[in-house]
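Written below as structure tokens is the structure these notes are about.
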Amino acid sequence: MLLEVIFYAFASVLICASLGVILFKNPVYSAVSLILAFITTGLLWLLLEAEFLAIVLVLVYVGAVMVLFLFVIMMLNIHAEEERSGFTNIAPIAIFLGLVVAAELIALYWIQSDQFSGLESISNSALSVDNTLLLGTELFTKYILSFEIAGFILLLAIIVSISLTLRARKNVKKQVARDQISADPKQRLRMVDIKRGLD
Amino acid sequence: MTFHIIGSILPEVTIAIAICVVILVNSLIRSVSAAFIHSMILFFLSVALFLSFVSLEIPNSNIFNGHYVIDSFGTNLKIIALIASILVHLASLKSKNNIKNEIFLIQLFATLGVLILCSAHNLLTVYLGLETLTLSMYGMVASNRNSIEATESAMKFFILGAIASAIFLYGLSIVYGVTGTLSLELIKESNLLDGLEMRIAVAFIACGVIFKFGAFPFHSWVPDSYQGSNTTAAIYISSVPKIGAFALISRLFLDSLNVMSEFWSILILSAGLLSIIIGNLIALMQINLRRMLAYSAIGHIGFVLLSFSIVNDGGISASMTYLLMYILMTISAFALIESISSEDHQHIELSDLKGLNNSHPLIAFMLLFCMFSMVGIPPFIGFYAKWIVLSELVNNGMLWFAIVGIIMSVIAAYYYLRVVWFMYFEKTDQPIENKGMMNTHSITSIFVSVMLLLIGLYPNPIIDYTRIIISSFLLID
Amino acid sequence: MMLEYSLIALLSPLFGGIMAAFLGKSFGKNFVNFVTIIGVSISFVLSCIIALEILESSAVINQNIYTWLNIGDQSFHIGLLIDNLTASMMVVVTFVSLMVHVYTIGYMYDDPGYHRFFSYISLFTFSMLSLVMSNNFLQLFFGWEAVGVMSYLLIGFWYTKESAIKANLKAFIVNRVGDLSLILGIGIIFSITGSLDYYAVFSNSQEIAQTELLLTSTLTVSALTAACILLFGGAMGKSAQMPLHVWLPDSMEGPTPISALIHAATMVTAGVFLLARMSPLFELSTTALSFVLIIGATTALFTGILGLIQNDIKRVVAYSTLSQLGYMVAAAGVSAYSASLFHLMTHAFFKALLFLAAGSVIVALHHEQDIRKMGGLKNKLPITYVTSLIGSLALIGFPGFSGFFSKDALIEAIGHADIIGSGFAYASVLIGVFITALYTFRLFFTVFHGALDEHHHDVKESPLSITLPLVLLAIPSVIIAWPTVGPMVFGSYFTTAISQPDAYQIFGYEFTSAYGFLIHAFSSPVIYIALFGVATAYILYIQKPSILHDETYKSSFIYRLLDNKYYFDDLYENVFAKQARNIGDLLWKVGDIKTIDNFIVNGTAYRIGNIANRIKGIQTGYIYHYALMMILGLAIFLAWTILDLGGAS
Amino acid sequence: MLTLQSYLTLSAIIFSIGITGIVINRKNIIIVMMCTELLLISVNFNFIAFSHFLQDLSGQVFVFFILTVAAAEAAIGLAILVALYRNKKSISVGELNKLRN
Amino acid sequence: MILDLMIWAPIISGLIILMIGKNYGSLSYSLSIFSSSLVFVISLYALSMYDSSQTGIQFELITSWIERFDINYHLGVDGISFPLILLTTFITPIVLLTSRTSEKSNLHQYLASFLILEGLMIGVFSALDAFLFYVFWEAMLIPMFIIIGIWGGKNRVYATIKFFLYTFLGSVFMLIAIIYLYIQTGSYSIFDFYNIDLSRTEQILIFLAFLFAFAVKIPMWPVHTWLPDAHVEAPTGGSVILAAILLKMGGYGLLRFSLPITPNASSELSMVMVVLSLIAIIYIGMVALSQTDMKKLIAYSSVAHMGFVTLGTFVVFLDHEIASLEIMNLAISGAMIQMISHGLISGALFLCIGVMYDRVHSREIDDYGGVALMMPRFAGLMVFFALANAALPGTSGFVGEVLVILASLKVNFWIALLSGTTLVIGAAYTLWMIKRVIFGDVTNEKINDIQDVSAIELIPLMILAIMVLAMGVYPEPLMNLMYVSINDLSKLVFLGAGI
């Protein structure tokens, strides 16, 4: 019963937070809503005994990704654009379609489903005993290939991000270590004979 | 055992090594010439191609706990993908437009993604391969980062891609929920298929797959990204990723979810048919050459999907034949366009082609080949592609789809002919400057275009090849 | 030997014509004269030899030269049939042609198209010979059209003259209407007998007669009647029978020699020849014969009347030709083919004579053709005057002249006939005799008598090359009938070639000799009618010309009707020709351009473009539209999942 | 009673909100990108719920990778966004329409 | 082998000219003349080898091409295709010979297009594999598209695209039909198609699919409207090839495909075909009357004349009780001869118009008048061809039409009558044009200083004139070449249609 209360409470918060993401005019508020949504999600995941992922979600998403989002929002000074915001002319259709998709999915899950119904939440499941260990073991044995591929994906992300955003500003003074090291005194210093003046 | 595993994935490993080497060389050696990087990439691609040929000998096996499968189907697709990559690379060697080498690096990532997709045998691997490909495509499209068009199209592509990937994942999650496994092998053997839940899953997955192909109604990214990106990226995204998508659809739908073919074939069919209609109709109205080619690509992909929805070895191999021939044509078209475009003239409008016959007769002639091939006029390969698809459609009682397809291809002829019209029939005061020199790039483009004719005169190899691949794939699994 | 002779007779004018056409310009006039006249002379001499030979041995040559086309069992040949009919036609044709060749030397002396003209008339001679010498329908049609073409080219000889090229187009097209009929007639015969050779067809004529031709699923006609009427349709075109006569007067736009050769003596009589040739068929169908008779008689009368008011010297003669052709056709209509052919022969001589005489007058007056500007030329042009008089007398059938015998014989024949329409025909031809005399002598008196026009004081008699043919033609115009009327009309001369009732039994039972015929004629009204006509002409044009200057006469309905030639030209030009073009224009502009091209073809393209234009609107560039499209796709896929459920499970 | 369906329903709702959010607002792209994160949450929710009810760990592994990839994706997306902003000085959805037919 | 040579020699020499010809205009001109004449000589050699008394295919050549679908590179000729090949090899050198008289940019491309086109056309006529046939059939569109588009008149782009799309749309249905037949028989060989049993609906649909392709090509009313445009805009050589050979492919297709494969449908739909043919003959004839553009007039006259081909092909089926092998032979012979003859005559007329166009730069009839005064030799030839066009006996134009009329007369009097009206209408429009162009007085100053034809213009016209005359005076050799095959075809069709 308690679990149910928790579930419905957090579920409501999650839904509200999600709506907040899409409805707030100010992107900063949206981002904060999203953070709220992530935290709520993490909590709900705890109910499902995915402790490691719940933590990861909060740490990685709230701690890194959302900070990145906010950082970008701040950097680009986006809220100046606020007066342009508002709903698109197709918003009613979109909302209708969103409702349709939701209705279709829910209807399918509840009315027609025979595979998903009747499954109740399992307490004390095996997964929760040492979730992190289990996950780690899986990851480095069975899923080693995926792990490697994910590594490449991250590498790709690095390269793409850098190549898109890195730029050498012209009027900024910067230190180039390589140039400093490779500096040759012979070329730097030129001995010149200066004739005495006032001759 | 370990060696066996590594031996089986040597092509992928080669590409991975190539990536690392290129990164290192690029960042460590200060004044590395672009030509060196190009040759290196080409070298690695060729090695990977060679290794793929070698790994054809390897018996079918599941490796990495069944996450990865080595079979002739996958290997052959890899070979095709690698050949296409090499061609793309050669075709974009003009490189004045690509000052930075990153795009070639990103292309290597994409190729890696395609290779993974060819062999992936687990939903997770499939997803990761797909994302490798998709993310690198975003990077490619955006690589011309100082252009508004490029970044805008990349942004759109990114958003739509993210949505598509989420939809795809949603489908995968349901598959997982129903079957309790991520392994395609086990999914196939599961007896829970063709329930309602699986249908939802298939509907979601189909969206993702169709997005990857760039077919209607998930096509919107195609024209924008073709137009916005530079030609090097455009050549790539118009060709190699389609092989990945083909691998994806074959592995997921054809193989694992074969039981549900009756259901998904309808989805694929409707997307294909609508793509043919919508793509060709919109292409009629384009004046930007790249955008026109993009819509024409949507039309062509429509044929691929239409044929795929037949779901028997004839139909699938026809589909694959069409795909291969389409890739050849599109590489050729883009390469030719690239060879006449200069730095200050990236976006080729149709009117830029005026008087091409007088300034570049050979290029014009090859582009003529290419356009007639796309129309589907013999003896160019485009005709055999259309014909083989139509044959299969008629053979499977889908006469009306064949008729719709063929009528649309007649309509499509108009815009292809318009290219010829501008090249040959119009005169201009400001012809495109003829640099006169034959560089590697023009040689490649001409080579590909001549292939259009030669394969057209003797299309046997491709037809037989795809047939063998597909039959073996359908038989073994 | 005969066969070789015939071949040479046939081909020598062709050779001459080709030589003149290709080499004439470079080798000069003398060369042209030489080759063409030699060609025709050879032809004439050989024709005479053949005619004599046939007369003696009454042998018939029927020989295929080569197979034109062979489709399985169905063969089409080119061949020669030389019998009495052919031989006499050959003589007439080559003789007149020869005369015209000679005449042309003088007449066309300073024309820039000199060699072209000679080439044309030689080729025409060849065409005409191939027509008459044919042994099958197909070759007949060849010749038939070939003479049409030569006529076309010759009428339009002065091609810069608008009226000439208008006339030749008209002639060709009107003739084509007849030719269409002819080819259909031939086709019917072919479809029944499976052959086009005369003899093969004639021997199967009973079969044709018994076959019914389905016009609609219920309505049938006798194939024979249909075929005969259609064949006669061809003759109507070529022999200018009403209502296809309109081209002949206009054809006078051509040079006079060809009016004499083609439009008087030879080509226009091809229709009569055809009737005679087809007599074995026509004899089996009285319906067709009646049709022929009525058309012929109508033409004879009504075109003659038109001749009364014409003022162009050549047109008067042309209408006279029409009328005389009507006589011949009418005679054929009562099965009196021999009389018809006999008239054809005599008419060829005296009408050629009249035309050439008219040409002589025209040349003398420096190409003046209007008779109102002529008069009193009797003394200025003595030879022309005398020969014209001979020709005129022959034309009206003055006793003793050749025309008398032929005309009298055929009127006699018509008078004795009892098929449908014979009464009408008889009345027509009798009135026609009066009319003929009237217009002939109207012309004669107006041109040669009366006051000399002041402009023409310096006229001189034409040169020898013109007068010689006049004289040479005048001779047969007078005497040719005397020795020939007996064998040709009443005797058995034509019996091998023509299938007709024995003329002797029908109307010639009183015939004893030419002289006797002459005497006998005085007991019939024909001569008196003719003389009455001459007298009327004398009164109207010499004694009291003022009668015709009465205004009421000019404004009368009849005069207007005649002046407008019964409105046939108006009908054809303003109704048929104009409407055909209007309809063509309508079909083109409304049918082709508007409906098919603009509505269906370009319209489809336009509509596709329209649709495409609308559809391209979905690609707005706005990301939320794109996303919406994707979601829509997803929603539809999901909906399909639900909807398909019923079917699947 | 917390059944699987409850979780799935929640996830479906989030999913729908996410996709609706992408379409309805014409504010800046960054919100659209946040909406895609919502979509991923819902997918992850699905996986974890299934993983729990099936007592199978691979779902969680999958989620782990999704999180990784999503982070990479976010990085790339934001990089593109920055590049776009530099060129265009705007990231408004409504102004992103230079490329169209 | 000899057919191979005839197909590929011109194509290869065309490609060579294309590659090297840019800077060697006169060399490529001579080379093109040489190679096309060579092909003509080869075809004459083939003619001497051809045994016209033998039934079936000669010079047959089968090589496997696409094994999976049992497609063969199967060539061969019989009496129906061989004359058309001869026509092709005969007309092409003539066209190439005249191609230099008018100044052209990129002459080498022009010549190359024609040479390639020649090879493809011969390919169409000699292909015995339906797939191969289709390949040649479609490939032919490319050079023609280029020819009209580059060297055409003012409105060339519209005309050439219309031409292309029209014909392309027509032929795709044929492709579907061929595929369907393949699925039924498992072979692409045309002769295997002959032996197939099809239901009534199938036959009709296949017939219509083929018909659409061929009707556009012939062209039949109402899908003829591309032709006037294409003809008007095409350069002289293009018009000649179009009229002389391309249109014949439709007729050839009907004989090669429609009749033997779908005899029942042919017979069942013969009424439609006959009516369409009669419309072509009469309606189009009337339309031709009101043209003011010479090329358009001749183009419409082509449609009308080709009406005889379709009439001859189908008229025999109208009445099964009357139908006989003899009538069919007669009608088909007429259709075949009409095709050859029309090829010569309309080709010649287009050449004539080209000659005038080069001098006056106008195709409007009203701009002319009195050409005969300035160009007597030319005028003579033009009048001759015009008369031939009006089906004058003694010229080839007559033979085909009279045979068709005779055959239709055996079937139905009214059809013969209606088709016979062409004698009048055809004469009217052709000679009316002659009257206004060749005859009359000079009204346009430009006419005043034009020169008569030069030798290089005269020779092709003379050759054509001689051919037209020879075929008119003695068509038997040609008939002899065709008869056996026509008879075989008739028998086959009769057997199939159960008559």
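As written, the chains take the letters A, B, C, D and E, and residue 1 is the first residue of each chain.
As a working rule, a residue touches a chain if its C-beta (ideal position, glycine included) is under 8 Å from a C-beta of that chain, and two chains touch if they have at least 3 such contacts.
Computed from a prediction, not measured in an experiment: that's the story for all the values here.
Contact with both chain A and chain C is made by B, D. The chain with its Cα centre farthest from the Cα centre of chain B is C. Averaging C-alpha coordinates per chain and comparing to chain E, the farthest chain turns out to be A. The two chains most heavily joined by C-beta contacts are A-D. If each chain is reduced to the average of its C-alpha atoms, the one that sits nearest the average of all protein C-alpha atoms is E.
For the pair chain D and chain E, the distance between C-alpha centroids works out to 65 Å.
Chain E has its Cα centroid 43 Å from the Cα centroid of chain B. For the pair chain B and chain C, the distance between mean C-alpha positions equals 78 Å. Each chain gets a centre from the mean of its Cα atoms; for chain C and chain E, those two points are 36 Å apart. Across the assembly, chain D contributes 8, 15, 18-19, 22-26, 29, 32-33, 49, 53, 58, 61, 65, 69, 72-73, 76, 79-81, 83, 93-94, 96, 98-101 as residues in contact with two or more other chains.
The residues of chain B that reach two or more other chains are 124, 128, 131, 135, 138-139, 142, 145, 155-156, 159, 163, 167, 177, 196, 200, 223-224, 282, 285, 414, listed in rising order. In chain E, the residues that touch at least two other chains are 165. Every pair of chains meeting the touch criterion is listed here: A-B, A-C, A-D, B-C, B-D, B-E, C-D, C-E.
By the touch rule above, chain C contacts chain D in their complex via residues 616-617, 619-624, 627-628, 631, 634. Contacts from chain C toward chain E in the complex involve residues 66-74, 138, 141-142, 144-146, 149, 152-153, 156, 159-160, 162, 165-166, 169, 172-173, 176-177, 179-180, 183-184, 187-188, 190-191, 194, 213-215, 226, 577, 580-581, 583-585, 587-588, 591-592, 596-597, 600-601, 605. Across the interface of their complex, chain A is touched by residues 622, 624-625, 628, 631-632, 634-635, 638-639, 641-642, 645 of chain C.
Those residues of chain E that touch chain C in the complex are listed here as 162, 165-166, 222, 225-226, 228, 283, 285-291, 325-326, 329-330, 333, 370, 372-373, 383, 387, 390, 392-394, 398-399, 402-403, 405-406, 409-410, 412-414, 416-417, 420-421, 423-425, 427-428, 431-432, 435, 438-441, 473-476, 479-480, 483, 487.
The residues of chain B lying in touch with chain E in their complex are 357-358, 361, 365, 368, 372, 375, 377-379, 383, 387, 390-391, 394-395, 399, 402-403, 406-407, 409-410, 413-414, 417, 420-421, 424-425, 458-460, 463-464, 467.
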